[in-house]
């Protein structure tokens, strides 16, 4: 089709296709937003290449498929109790943005978490207790979260949905980074706070997951001239900071510290709406809470989230489906993968 | 049947029919409430008139059909993100009328909008955050909206559901009209405010959509002796003020500044209930937010709203169907039009 | 079977049957709770009695059947708007009993009402706006309703669910009785207030509907030695006060001022739960709001309410079905009667 | 398989099986968590033992099956009213833990209870009235329940979900134990309070039901070296305190004062999540309110709760199913048992 496989074709001539055929494996180029007008829908043809070749390819870039995900999912032991599925914490919300906490909390619980405590400002108290009766709430601050104190004892902690950018958010993050808890998922305004405080950015605890969309990524790490360069930058940053980066987009990429990139291919344009990212933050936090290791927790979270979105699209349409609708389809997504 | 085609038959003798047959195209008279007892159900017979004749007819009055609507609908690009679907604003609500904001906000989001911020009085804060977690809220005023300040940055803005008629509403509208935002949908009490302040009425920004029912229309522009005269008056006012008028009724009419009239034929008498208009305001605002041009955004909004109402009627009955039920059918309506 | 047809068999010997057969029409005795152990399930055999005989019987006691109800239901004109379906008022609620207003309001709206305004104490404001976005609220009093002022302008008004028995309730009722509004439905604590203030009881406006269960009836009008005597007392009271009495029970009886008694046979023991009566109050109010005359509004309300309960029983079981579930089945009940 | 039938195999050699066959009846060992890795799924083979032998076995340990449960369930009389199904009380909730009351209240009502009053701190008032409109609320205390006064008049009372461990909880329990009410279900923090105040523990009214999970049980009565010893300790404590113990786990055991043990086999690992126990407390309280005797109320409650969980698992998946989802399946569970 005239596309370069692994670098930008920007400025070069390429065919605008509605369907693109490829041999054996999807080329990296197909997964890049900038090539959408060239690629259209792509289809993989099996031409009998050796498994070894594929495995080497897969060593760097891999598309997450159902088989990979099914192998990740753990069975729930019939004698287990809620303690076996961990205790998650969410630190989220501010005045006017409490919906983000509702969505993240439901995402977290529906990932299978045993217990969840939400740290919220008091302006979100009634809202959360009505909307998510399964979650406990601890209040810190009035319109914004502040002074949460020592929050030791959680198996994983999601931070950021709806916290806002007010004075004090950086101090909050710093406080959390220094706490005993060590399994973090950072999203939304937590990332914007880090973008504005590069020293704090350097202090993200190792093994943390961050879930930026492209704009948030650019605020944190600078702009790139094209999708390929941005991916390369993400690989470098994941290694330097020893973090997992979930770079959100149509083919969300999960980048590990040693430089492996997993592309997700569930999800659809109906998910380009407010609140969808909050759910993902909750789901990945919830899976980490259940002792799913990384990058598996990230892969499973991203895949389930997109699959639930695909089911919601079928039920409610791309246009009308809301973040709340996606949540209602998480159960169906689990069932598709476990039955 | 003895009806005049394009003027009132009031005072003249005509047959009371339960079924009316017509050649080739629906006559304007069939769409007028005052002729309901004469027309009953009408049916169109194709008698092979030239397409040219029809096209000329259509130049003035046109019934919106599924084909027209399907041609309007835009596909959501698979690499799109929420920024591609715009940021809407709703300015709505007052003490005791916050339900109007819930309904408008859900209508707006289910039109496919990327993000939504609701400007509400503080008495509606908990209500909105619990009911529409996908929407952000900004609070201005206590029991009524006041002092929203500069609200620049929104792709379209819906104003009016539940704002009330208290002192200050006119100032609020004036403030909004002078802001940088330029795509407005005005409804409900916003129209009643304009009706009471004819100077302000003259300052509606060009390209604004207003959505009066007949009483609101008459308050704004004066009474008419019959449906035909009112339609004519609406055509004149749309031209003079350079606005789009959605004149709500069983065959809701969309009147454009150059005088074209589109009649909608979705919807049913189950929609003659509180809150239905609030949803429409939200939907049209949401479509404009996604860069649907006018009058297409108005046509699609009105058609979808009525279609969702028809589906709700089938599911919940004409009598019992509520505005909330219609919202739950917007997804089904989109699916009928896109699958 | 040994039962007397139209008086109590208490103290007499009768067969305990699981099935009872009867000729041509159900005997009054079958509908009385006290005879349940004798009658079991009853079955009507057609033995060819003249229609005239039946009609005379029906002149006093009649079982409401589907045909009667279908004849009562009015079609919604396709050019109608919400104004055509009236504006209802509910005066209900107190601290800790706001659920009663939610249920009554939903019942009222799902009866097909155009608009609804709820008069509530301020402690119910958020609760109502979140739960019933279609209804407007006006606040009068803090923990109890007081000082609602002149509420003229409503087509019908339901009073009583959850208002409590505090000091001031009698004054409230007195105030309402003297207002311009003249179509009232009185229920629950409104009846208990009347029971405690016999002078006020004498001032119920003519044409009012009251909806007591047996205990409330006895508080108002005194105890009866058996079901037959109580029915006779109700007939006398309906005549003396010129009111319609909906005497709630398994075979709810509607008693008119001239002494006609209609027995309802929809409904089931799953409805013997909190909140069911509140819904009925709302439904009857809503039907009167739409200009259904009496006793038709009462008959249709009671029948629909029981039918929705029967559908809810099938969907949710007798044990688990809640008042909220019944509300969700009102649409199905309307559909059974109109399609 | 090498397991001891009625004592711990800990430290001994046994086969690790995925399927275990047994003759005639399930051995006690199969129901113990510690043997899960040995037993896997077990299957009962009928080898024609005399009924007498089985009955003797059953005299001590019995697995609750559908036939037992169907025999327990009472029919709702068609002339019954809500008074016939009793008035329950729940004393539950504190700041940040109000979800527990929502879940317990819904569980209580869906057990078929006639009326329910919830005693809650004022911080839960809006939350409860929005979430459970069928329940009435009485407020005692601000962030924690205190000073509920005399609560005589309830048919059964559930105490504990979400009450917290603050200063005053012991006094609250003491106050309740001394009240006129005599049918109690104690759960969650009520048990933790008793665990910390052994004198109060000795004053539990006879006939009370307690519903500890294993950790709560150990806090109350001390640790056991294995599952068999713990069961033996529970039998001793039930006898000494004259209480019914619902010892929660995969095979929840109901232990009666005379030492009979009923094992439940409905339920699944999807129920190992926050809020599930709160529902059970509500359900058992609701059944006792309807005059189900003990241990039948406990057996039916536990069985229904697990069955609803099994249905929820099928609908929503083990991972995603929430306590709220289980509640939505209680109706289906009742239908399976009564139709």
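Here the chain labels run A, B, C and D in written order, and each chain numbers its own residues starting at 1.
We take it that a contact is a pair of C-beta atoms (placed from the backbone, for glycine too) under 8 Å apart; a residue touches a chain by one contact, two chains touch by 3 or more.
All values derive from a computational prediction rather than experimental measurement.
Taking the mean of C-alpha positions as each chain's centre, the chain lying farthest from the centre of chain A is C. Taking shared numbers over all numbers used, the chain C to chain D interface scores under half, which places it in the different class.
Between the CA-based centres of chain B and chain D the separation comes to 54 Å, rounded to the whole angstrom.
Per-chain CA centroids place chain A at a distance of 38 Å from chain D. Under the contact definition stated at the top, the residues of chain A that touch 2 or more other chains are 126, 130.
Counting only pairs that meet the touch rule, the chains in contact are A-B, A-D, B-C, C-D.
The touching residues of chain D, counted against chain A in their complex, run 33, 36, 95-100, 102-103, 123-124, 126-127, 130-131, 213-215, 249-250, 268-270, 272-276, 315-325.
Chain C contributes residues 76-85, 109-116, 125-126, 129-130, 132-139, 330-335, 338 to its touches with chain B in the complex.
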